[in-house]
Amino acid sequence: MNGDDVIREISLTLQMGPEMEIAASRAATSVAESMRMSADKIDEVRMAVVEACINAIEHSQAPDQTVYLSFVVLGGREPDRLEITVRDSGVGFSPDELKEPRIEDKLTSERKRGWGLKIIRGLMDDVDVRSSSNGTTIVMSKAR
Amino acid sequence: MVSASEQIEAGSWRRLLPLTDGEGEEHALLSSLLDLWCRERGARGAALYLDDDDASGAELSSGEGPFPAGPDATAGFERLPLPGAVLLWRPGEAGAPRTEEGGGEGEGPLSLLLALAVSNCRLLGRLKRQSFQAKYRGVELEALYDVGLAIASTLDLDLLAEDILLRAVSLLDARRGALYLLSGGVYRLQSQLGGEALESFPATAAHETPSGLLPGAEHLLAVPIAIEDDRRGILAVGDKESRSGVGPFSPEDRRTLSLFANQAAIALENARLHREALEKERYERDLQLAAEIQRQILPKGVPSVPGYEIAGWNRPAREVGGDFYDLVPVPPEEQSGENDRGLLLGLALADVSGKGVPAALMVSTLHSAIRLLFGRIGFGPRLVERLNRHILASSAPNKFITLLVGELDAASGRFTYVNAGHNPGLVIRADSHLERLPPGGLPVGLLPGSSYRSGVLDLAPGDLLCLYSDGITECASRAEEEFGEGRLVALLRAAADRPLPEIVRAVEEATDDFAAGQPQGDDQTIVLLRRSAEA
Amino acid sequence: MTETLKLRVERRDGLAIIYTEGYINNQGGEQIASAAYELLEEGYKRILLNLVGTKIVNSIGISILIEIIEKMLAIDGRLAFCCLTPTIHKTFHIMGLAQYAGIYDDEAAAVEALAAA
């Protein structure tokens, strides 16, 4: 057994709506608790998931109004890492062109999305963002 | 000759002579004897049947087969001079076999020899079985010993219950089993094996076990797990296996299972006590942790904002509380606004529903969320909407937070705020005029999609801003009268030009005097901000 | 806990491995016997029973395993076990299986020993 086996995998497809991030956050909390993550890390994971969902809801303009989430617990004998993917099929944005938000930048919705990512990057260990006109996928992970 | 209509129990016909342990001499001997019998008696073929509990394996036959499960028109049978041994034969050309020399059916020398050979085989089989069983007693003893050891070492209730059940089921050769623990008058399923078991059932006066405990099981054996007469649970097994199928449990099985249940009772009791001790320990530790969280979260000092005096004070009702306040300076380089506004100061005062550990944990979530969002999203109703979503997503449905949060532009004195269901903030102007900061929305964490209205206040030199929690205004006297906003305002007016720490102390003393020794009912928090009078 | 035994057979050069998952009782024992006898007919004389997925064996299961061992010894074959839980390991020793079949902690050691036998 190497340290990167999938111990558990949960997928959710949620309709965008006011209670959507609540369901996503509950799922995230359950999975994180199941791998015995410490309470403050669970809080951080939960915040990151909520932020990612809010981002998708507010900025994706996805025609199917759907957010796809997956929670994957990875590890060897013990769970090591939680990897969460939040995906939408919306209009996307350009993460590369997104500079570190500065006061000089105008208050555009693109820049606001940048702030959401900054928060997520501060909460999680690794964050990978891919975005195109077909949608945006955020993959974030946190060690136990 | 016996006619086919003679009674032999249908079941016994199905038992065949066991050969698996008779490979070699015994088998060869029987085979030869059977061949001889056929030849001597002129039968076309013959098969040997034995009525034996553990019989299994290949059939022993000679000559023309196949042989039926019982006598039919084409075959006759002869009892051998050995209980439970029967020979089935097919007539030869001349019809029925010749009778033996020396006697009637089944008494002649050949029949006796056959009987002797069969008896040998049977004895051998029994010897092997007994030896097996004797050794298996050793396994049973070891199992009981190990469970006894487990009392000292395995304190994990779940693992222990699983281990006990595994051993009980395997030792009794059962197909399945279940272990129940009694709590609150209901037997609840703790561990199951090999099949479905009832999730729970209420305990009757006689502690009967429902017959459908293991659905689908044909045979059930259940014994109580008890310490002295104190019932703690039930250990049940179903469907005892043998080579040929399932059957009922024996009295010895009941004795064995009871021995197990006794050991189980002690081990489980230990595990339960350990778990309780752990939980109590965890609770105390949580309490300490929450108190620690709160100590760390609450600002230790006050930030320095040129042109202003600031003071904050908090006194929880129990070791851990649900009140929270924060003072967050946001220098220009961290701001999200368009314009360069100089130093901004974020203020927040919140009251979490409930007290104790759960409230403190919510406070911790709120604190992180405020710190993270403050200055990044830009102050306003959107920030509070965002907070609302975070709190909704992270806490129990019935928990909510009343919150007054605002942003002071130090240069201009403009205070923009959102009051989410909290008691109105107070402003005592330099001329003693009173203004309030009324609620502009529901408490946070209550309803999804809540909207919030922001208010604006311009602080002039000498103006005093006071945010407080209802632990102060709802502080009750002996006569059950409340301290109330009136007394607070009067106090603030009277102390308007005193240093802020003195005002805080005055409020503290006034509420203490008012309560006159009664225990503090709710957390008390106050945040004061005064724009310094121009020199 | 699975009720029926699941088996997986891996055929290698000169040796076959039967992996078990679940309860080795009457039914389970018969399944193992079937699989083993089939392997014998295919010509395998070295069989390893890897009990990694098994937590429980009853006396019927053990008696069937003993039969398999006897049959194999009769044709000069060898049977070995590996990856037993401590309880099952102890049980096999008490029941005398260890005298006629090798018992090993891990698969690699068992395979090595069988190849040399």
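All chains are identified by letter, namely A, B and C, in their written order; residue positions are counted from 1 within each chain.
Just so we're on the same page, contacts are C-beta pairs under 8 Å (C-beta built on N, C-alpha and C of every residue); 3 or more make two chains touch, one makes a residue touch a chain.
Predicted model only: the values in this text are computed from it and were never measured.
Trainee: With chain B excluded from consideration and all other chains held fixed, what connected components does the contact network retain?
Mentor: Ignoring chain B, components are A | C.
Trainee: Taking each chain's centre as the mean of its C-alpha atoms, give the chain farthest from chain A.
Mentor: C
Trainee: Between chain A and chain C, what is the gap in Å from one C-alpha centre to the other?
Mentor: So the centroids are 48 Å from each other.
Trainee: Could you put a whole-Å number on the gap between the CA centroids of chain A and chain B?
Mentor: About 29 Å separates the centre of chain A from that of chain B.
Trainee: Can you give the whole-Å distance between the Cα centres of chain B and chain C?
Mentor: The computed centroid separation for chain B versus chain C comes out at 35 Å.
Trainee: If you look at chain A, which of its residues touch at least two other chains?
Mentor: Where chain A is concerned, no single residue meets two or more other chains.
Trainee: At which residue positions does chain C touch at least two other chains?
Mentor: Not one residue of chain C touches more than one other chain, so the list is empty.
Trainee: What does chain B use to touch chain A in their complex?
Mentor: Those residues of chain B that touch chain A are 332-333, 335-338, 340, 361, 364-365, 368-369, 372-373, 376-378, 386, 389-390, 392-394, 448-449.
Trainee: Contact residues on chain A for chain B in the complex?
Mentor: Listed in rising order, the residues of chain A that touch chain B are 18-19, 21-22, 24-26, 29, 39-40, 43-44, 46-47, 50, 54, 101, 103, 106-107, 112, 115, 118-119, 122-123.
Trainee: Touching residues of chain B toward chain C in the complex: what are they?
Mentor: By the definition above, chain B touches chain C via 20-21, 23, 132, 135-136, 138-139, 142-143, 146, 166-167, 169-176, 192-195, 241-243, 245.
Trainee: Where on chain C is chain B touching in the complex?
Mentor: Residues of chain C touching chain B: 1, 3, 23, 25-26, 55-60, 62-63, 66-67, 70, 74, 87, 90-91, 94-96.
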